[in-house]
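There are two complexes below, and they share chain A, which is joined by chain B in the first and by chain C in the second.
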Partner chain A sequence: MALIEIENLSVTYHVGGRSIRAVEDVSLSVAARESYGLVGESGSGKSTILRAICGLAPVSGGRIRIAGAPVKTPRGKAFSRHVQMVFQDPYGSLHPRHTIDRTLAEPLAIHGIGDTDARVVRALDDVGLPPAFRFRYPHQLSGGQRQRVAIARALMLEPEILLLDEPTSALDASVQAETLNLLNRLRAEHGLTFLMVSHDLAVIDHMCDRVLVMQHGRAVEELSRAALAGAQMTTDYARTLFEASADRMLEV
Partner chain B sequence: MTLLSVKDLHVSFRTEAGLVEAVRGVSFSLGRERLGIVGESGSGKTITGRSVLRLIRPPGRISAAEMTFDGIDLMGASEKQMRALRGQRIAMVMQDPKYSLNPVMKIGAQLTEGLRLRDRVGAAEARAKAIAALEAVHIRDPERVMEAYPHELSGGMGQRVMIAMMLIPNPDLLIADEPTSALDVTVQAEVLSILDNLVRSRGMGLIFISHDLRLVARFCDRVLVMFKGRVVEELEARHLMQARHPYTQGLLNCLPRIGGPRAPLPGLDRSADWARG
Partner chain C sequence: MGQITSWLRDPNPASRLQARIGQYYLGWLRLSRNPLAMIGLTIVLSLLVMAAFAPLFATHDPIAQDLGQRLLPPGTPGHWLGTDDFGRDLWTRIVYGARITLYIVALVALTAPLFGLIVGTVAGYFGGWLDQVLMRITDIFLAFPKLILALALVAVLGPGVENAVLAIALTSWPPYARVARAETLTVRNADYIAAVRLQGAGALRIIWGYVMPMCLPSVIIRVTLDMAGVILTAAGLGFLGLGVQPPLPEWGLMISSGRKFLFEQWWVATIPGLAIFIVSLGFNLLGDGLRDVLDPRSSGK
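Up next is the complex of A and B:
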């Protein structure tokens, strides 16, 4: 059975009397321990799907099921134990006036989980940060270190599903490599399921087993990793995206 | 022929935490060719680009053994001489159109402002020149864009407007600081090919600053790789894959590839001798 099932999802924003369809009739399913990618350009609706799963976007149609059960609105505490999200910009997603310790301990306090001290230290160790970072503030950390904290925060409640919204696009190439390696190691160690959004096909290819190409809020084409590597896409748009992908520039 | 020559450029900032040396002895020369400057954040690539126009604010300080543009000594030039160079002969395209265009001024007014005020061109002629510039960057309905405000344009359109604006005075040297980093890949390819055609057809010199080694390799003739304020390697773009320096090799190898192995990506070893000091 699939862990994440999305059926005919539509998201419509209402802005000043106009309605904007950000996502239209998208279906996908992700098996447990699978890593699934969403790729597309800005405005293609890829991030909106993640936000819709978390209840952060106005769903206007379709169904979202996690582990077979339809999600409740509002999502509630049980949902947060299963599903957590890592956002794109580590400069904006950490509270600037909370220490790392407070950021990591907050989910534990909300969910009434004890043993805070040991869990925070273990979480820092898990993402490869020294324990001394515990009492620092976000502005004292580099972008890559902040993203590690954001990943540690998402893992505090030991979820099965991580929603990753462009987790490395704000980072330098070498830091991106370290962060991707970290995510892959954590997925193996914790048996996580990833739903990952990126505009970079090469990153998605490195991280994911299957990928859904999106454009203008619609699903264009689903590709397996082998089909992507073998350039076996059938739609023009997926091919355009593939041709324009930066890593192909060295071949030319 | 050498258009720009920079020798032993240093840029330092006196901060509360002490002296920060952002650029430490960079030298290069540029003809009417396309030079790429690549590096990660904090490598000094943007500061190097801005130094050429002396656009470093205090407490930043520029010093150089030599910095000449077309026979003009940029270090010794007065502020008035620099103003005459900026835009007219050396133009700069910034990273993000969202922040670099005036949000409360129509595109048409922004494009013609320089022509009207600096060159004292008549309204009709300035407008015609602006429309021609928009057409040169492949904007389909320039009449509509002239009447639009920046927020009404997409990122790709905004970036093309900025390139059009820089090209109106027909500069000899264009400094493009991450001109496509804020754009989607398919738009990026389009903007780059426009830039490429313009640089070739007008015989301009181009300094292309980017964090993306792959992009620079495809787009430029020569590449400078910067790390911690120094140039660690200079090479022909087409020989990039034969890069010798461990930092350049590291930058190339740490990028994932479509169809590449699933093994952990090689990280950059920052502990080696070259990374210190």
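Up next is the complex of A and C:
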């Protein structure tokens, strides 16, 4: 049974009197411990799917099931223990006036989990940050270090599913590779399921078992890693996207 | 000394407390580089000291009358700022008046911003009809001129220090609500709010722990800059006889009593006027300095 099932999902934003369909009729399913990619240019609705799963975007049609059960609205605390998200911008996803310690301890406080000190120290260690960083503020960290903190925060509740919204697109190339390797290691160690958004096929190729190509809010084509590597795409759009990043895919 | 400084500046603080104190220390360093802010801080601190140790600074009794010594000019031996029409020493009355001024300022500064902050963050965070209702109520309060509304309230409640404070607080919260709401609207869609909401945090936790700390700097700056206005409104109410009642040495009331002989004995009204001027200036300078320190857009540098 698939861990994440999305059937005919549509998301419609109402701005002023107009309505904008950000996602139209997209279906996908992700098996447990699989890493699934969503790729497309900006505005193709890939991030909106992640936000819809978290209840941060207005779902206008379709069904979302996590581990076979339909998600509740509002999502509730039980959902938080299954699904967590890492945001794109490491500069905007950490509260500027909270220490790293507070950021990491907060999910534990919300869910009434004790043993805070040990868990925070272990989480820092898990993402490769020295324990000395514990009481720093976000502005005392680099972008890559901040993103590590955001990943540690997402793992505090020990979720099975991690939604990754372009987790490395705001980082420079070397830090990007480090962060992707960290994510791969954590996935293996914690048995995580990834649903990852990127505009970069090279990143997706490095990370994902399967990938869904999206354009204008619709699903274009689903590809396995083998199909991606062999350039066996059937649609023109997927092919142009592939050709745009093919040279860099060889490097990774 | 060097040990304390290095403890404060430690980039890897060992505890929550050290991290917080370190941040305050950096803020203090920024504030102390601004000479005008330091002048403001000095004025405000001297006012605090003067009020706390009023009996030590005063040379006479602030209420006891001595009609033989009335209306002496500044510079008279024993009364270096002169005396008023009941022969009371002006310096003593200014010193004791600092207590009343600070009492009013402190009460207003505690109640009005807190109330405005709650209204503004709740309205901004929830949005929708709650926002509409709360902001229209705010608009109603903003539609009246401040002093007129305070006058009306005091006229209903009756004159006195507590009622003056209540009237001033009730007329000064709407701007804080506006500021807090504006700030809330900019942070409510931030990723860190989405992240904590995804962790299952309730509205109360988000507003208290995440939204309010972001609104606090703008509100604190606004409060410091408004303190001058609060002192002036309190003095205005005192001047009109609706605030503090005689024989208490409130500065506005002192100006009011000096008005009758402004041309012959100018000092009776001028000296409390100067006191109000200096203290207002102090709060304004401090507020300007705090803006540079607390502005979230400039922090972290």
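What we mean here is this: the second predicted complex is superposed on the first by the 245 of 252 C-alpha atoms of A that agree within 3 Å, B and C clash if a C-alpha of one lies under 4 Å from a C-alpha of the other, contacts with A are read in each partner's own complex, and residues count from 1 in each chain.
Note that in this section a residue touches a chain if its C-beta (ideal position, glycine included) is under 8 Å from a C-beta of that chain, and two chains touch if they have at least 3 such contacts.
Note that this is a predicted model, so its numbers are computed, not measured.
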With chain A superposed, do chain B and chain C clash or fit?
fit
Going by the contact rule set out at the top, does A:F242 touch chain B (first), chain C (second), both, or neither?
first
Inter-centroid angle chain B-chain A-chain C after superposition on A [Cα, multiple of 10°]:
80
Once the structures are superposed on A, label A:E178 by its partner contacts, choosing first (chain B), second (chain C), both or neither.
first
Which partner does A:A229 contact after superposing on A: first (chain B), second (chain C), both, neither?
first
Taking the superposition as given, does A:L56 touch the first partner, chain B, the second, chain C, both, or neither?
second
Tell me the contact category for A:A202 with respect to chain B and chain C: first, second, both or neither.
first
Which partner does A:R136 contact after superposing on A: first (chain B), second (chain C), both, neither?
second
Considering only touches as defined above, state whether A:A118 meets chain B (first), chain C (second), both or neither.
neither
Give, as a whole number of angstrom, the minimum Cα separation of chain B and chain C in the superposed three-chain arrangement.
10
Chain B - residues contacting chain A, complex
40-41, 155, 184-189, 211-215, 217-218, 240-241, 250-251, 254-260, 262, 264-268
Please name which positions on chain A make contact with chain C in the complex.
54, 56, 75-77, 79-80, 83-85, 87-89, 92-99, 101-102, 106-107, 110-111, 132-133, 135-137, 139-140, 150, 153, 156-157
Residues on chain C engaged by chain A in the complex (per definition of touch):
11-16, 18-19, 23, 190-192, 194-201, 205, 209-210, 213-214, 296, 299-300
Footprint of chain B on chain A - complex, ascending
41-42, 143, 172-178, 180-181, 184-185, 199-203, 205-207, 228-230, 240-242, 244-250, 252
